[in-house]
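Below: the structure, in structure tokens.
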């Protein structure tokens, strides 16, 4: 039996393939050469399971998505006090490449805009650290977050450096205020190398899932970040991650997120899931056009929203086996992740047992959850196992498995 | 046996009583006459239990705290589309009484600033609604949210109207852009009446708890708001509720909140809790000085933070009784609410039974949670019941009940 | 012999008649009803001679052109210190109806924007003055500046008051900061009456010429303003008169000016001339489209520019009569006004005398000046008088009178 | 007989010597080492006479005072169209080192702020000019304006380059928008060299006087600038020369001016005079403290103000000699320059002749003018010449020469 989640994700991707709006970033040849139709997505749950679809193994440069994770590194390397005295946490209400300094302190308003990210890079490791050590610090941390060794795309990096006037401007300005220290071109080069790390959507979803768990990489089990750092990074992504559309994004999509100019996008829901997407065409704000729409779909279909009532309990599922029957009890709101959890539990169970699905503690079932549950049960029955449904509250009416048959009903 | 939660809250209040920084709002005599030392707090959980301490039954005018709830009313009365076309959802980065209109659309940036709140009031009920009906709409909705009939403080209202130049200015400006319609002085009067509704911290915590549950008033059980509205209101509070310090508040405290010039403050964590506080002295940003510090304490002590890992599962507790023993199983991170939940469950149980506390599914116990658990067990034993602890993972080491005795240990 | 100046002005008007760009202000019916093709101009020299062409006797409401002159009244009524403490003198870089308050003092940035003009109106006469006295003060002063009794267009005034939301907004805002005192609707009404005074381009040119002379109405000879007031008004017009295009206007046209929404426009060059124009169609900045172009033409043709080298001496001309010859000596740069001065002097001279035009002290002659001089000499010869030219420096080569004849040449 | 003008200037300097407010610029050692008490002034009239007092021959770096003159060079090298498409002419309302770009075009708002001045420098000579040629262009033009060969202070230049982060930031930003072309560090170095040219107050007054005359250096007689360029430079100085206090300066002082961080200051009144001052202590806006006060004194004492009525005719004086008498006829308003003109005319006259001073065409005499006239007549009488006054209009009542004696009175 195969989980229906990847099928769902493929379906979502297919729904967006015809959207060719926007344009690939073209300010350097290396980005302009990206295959514009590429489209990929990966989800990593807080419990460490990854679902992926589309161009999930294509590498692209991380670009601005490096900002929240480098911020995490700086918070751990220098302490929150030092970092906050150099970079604020307020939304800027401006584009990513605006200066956006606070009027009195001259601090960049937050670490998600370039001025803040340059300052964050300059803070890495320690006051007099070797510039190369700062880049390696980022590469090494990102690798642990992703669960594999990442490397830098030297061609993109070299090309970016040729047109780095904007970042040089920001860094010289910050240097003139004493916010940023060290040699300006060296800091800009280091930051550009940080942005040139190659990742896939699988990497991004794992990195974000590590935030969701409070710092524990859910696949490797390593505590990569401390819990306070993970919390602060998610909070800053929520208030400043989407630049000047932060409020609209939080209301409409509700998934703290960050995008990169190469087409990547990352999002996180605490306790639940990390998400990575990739599609190179950008909208006018410079965010991945289809990436943004993928997040919208996930938010709508799966009720994945920071302020979604009961959203926080949506993944609870438990299994126990007794007397030839594997019982799986679901709880709360059932949507994609809960349903997939159920299927995972059954996959691990004795295939010789029959299956009892207990919905007594379920509040409600979303459309997507219903589809997943019924499709899952259908596949289990195809495996030759008996399928019984216990639904005393009637939260799953008319449980047609899609082929005109119905599960048995308990009590 | 009495819950230790109110004791904890009293202790928190006591820790702040000496803080006399800030000053009572004095632009009208009615507010200037407030007793500056008043201090109160109430928490209402998503399950409908309210804990209160201090001046919890003192009435004060709701003022700007009316903004998110009147926004909820307008969303339900007119639909999200109509409301969004008149008022945005972006943080303004400015003080509450700034105009803060979007450059192109002239929409007020969000409904938490006065320009937005005036527009929201003008949208209530319907296009050609009677002005009095708008005020009554708010009074009636707020009453259902609070769970009791609220009334207007006519003296405060009359006095505010005498110095309403700022709001008259904002409303005339919006009128000139066609954002706000109707007679300007009438709209300002209606909004001022809305702000003059009298509430207590108990009312505020219940109102916020109704957001937390996705619209169901947790004490009365009434579905007062629809789920989408509750979600949108919380999202806007998160991004724009604390005016120009929105990012800092989200990072440091992490509880979407709104304050009023009379000293009230309201906060919410989805699925968890609504909070109301009252202390009339204001800081320089116009927020309640001790109110803000109360929220900080709750966030720190109780790990109440939107991005706190595992925060979402912190209240899970279940009880079952069999063979003369009431078993209570806790889950996740145990802090104040989980501990209080346990005590509530035991209070409802047969006092003739012994008690088994099962911590097998607990990940960790906060300092506050440990104190609460041990104090609770001590009080149960004082009631003459047997107390056994099951803690196979050792999450509650050295369980001294505070009097040198220990619970029995199971298996 | 008739002065060729009106012919020149008619010609300039004719050159712009085909320009129908822009649109008549239409926010109230009274302004929308203006005849869009109307076009008029008047110049009043510092010596009191007025030249006019086109619709020079059509009345229109003065609107924002009242601002500099009401500012003059307030300066004289209350002293520069009191006025400066309420209204600044900096350019705002914003549109006329922006709030544009200084960040610290909350003063409107200058008296040329509405916020400043409303404050100026509230300062007129004295602290507790009767509102009607303020309006009468303006009407009476403007009448003395124009040299005739002006009256208010009550229909326009009443109509403006119905849509005065923007000014009510500004005034309430200023009232909330304590910058403006008194009853807000009353101040707005008074200011609207001030803006509804009816003027012609002749009135405007005389009003401006009174600034040019340092306060002496050049036709009536009355000292209407004190010199310091006239100086301050011209300086503020120069830096803030043209709203957000102040710098461009000063560089390109160089004539401190002010426009009104009814299509009027006023300009001044110290010591030289006051200018009034009228054409109801407005450009996108709200300035009279053809009015602005008229000023451009005058600046280019006549070298009328605040920073035009030698511009200040351009009108010097002297006549003396001896032995049957009237000698007229010109000085500096000869353009329109110097040439017209010459003709005026000759008109006053004994028609029985011959004419000697002495150009020894002339630095240069503009194209327009040359045309005027030769046309003038031609007309004098037509009157049967002998015409001799003395031009030892050769500043008027090839003095063909236009009919193939030449003046006699002296020494 | 010695002109009393230098005595007057010495007196003005003496009145300010005790003012030690402000502080010498200290961001580089070379500026910090300036002797803070230095104080100098020079005036060059449009007729080419220079008066100086105090430290008039001390060299200091020209710094930002180079901006208007380099702007003149660019206007002549590239044409007004090209220059205007790269740099605007609007006041910025911001400090000199703000970016202040126009929102749509990204042009720096004007050439008086650093962003504009850097762009102007990059435009000098031609599109592909050698960087060294740009610096030499400025040095050579400034030398012709000053009337002597100027040289660069290499120590100041080298030191400035070490802390040029702000200018590097501005230039990189402009480079990223395509406003500025070429290698950024090279442009910044060239601009820094331009700012390091050494001048005296005599140089500055001659440079400004060249603007006043419309481009003719009044001492050398060379046409250094074309008239349109001189006009544009003066207009931009008027609207943007004093940064964020442009309006206040224009109203209060009325002399278009520009200051430099080394303590220099330059000012100009068209047709009249160029002024240079030097005093190293700066006020909080970064302008020379005593330099600003010197300009205020000149404006008040000498009625030197762009909008001063009759100010434009204040220097007219003519002499003729016949029958043993040198007659000097004054005109208009008599103040310092007219009086000094008279004395100069007499100095050039036959010392054997008596003197007749004719005031028939004088409108009024300022306090300072009266003092100058009487002191001048007293000195002439000391030379043994007869002194007669012709004053039919009584504009110089009670002409006591200061020693109890009076001039003879004519007719």
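Lettered A, B, C and D in written order, each chain numbered from 1.
Going forward, contacts are C-beta pairs under 8 Å (C-beta built on N, C-alpha and C of every residue); 3 or more make two chains touch, one makes a residue touch a chain.
Since this is a predicted model, take the numbers as computed values, not measurements.
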Distance in touch steps, counted as few as possible, from chain A out to chain D: 1
Angle, in degrees to the nearest 5, of the Cα rotation that carries chain A onto chain B: 180
Homomeric contact chain B-chain C: same or different residue positions, threshold half: same
Where chain C and chain D are represented by their mean Cα positions, the distance between them in whole Å: 29
Between chain C and chain B, distance of the C-alpha-averaged centres to the nearest whole Å: 63
Touching two or more other chains - residue numbers and ranges from chain B: none
Every chain pair meeting the contact rule: A-B, A-D, B-C, C-D
Of chain A, residues touching chain B in the complex: 88-93, 109-110, 212-215, 227, 230-232, 234-236, 238-240, 244-248, 250-251, 254, 270-271, 305-313
Of all residues in chain B, those that touch chain C in their complex: 99, 163, 165-166, 168-173, 175-176, 184
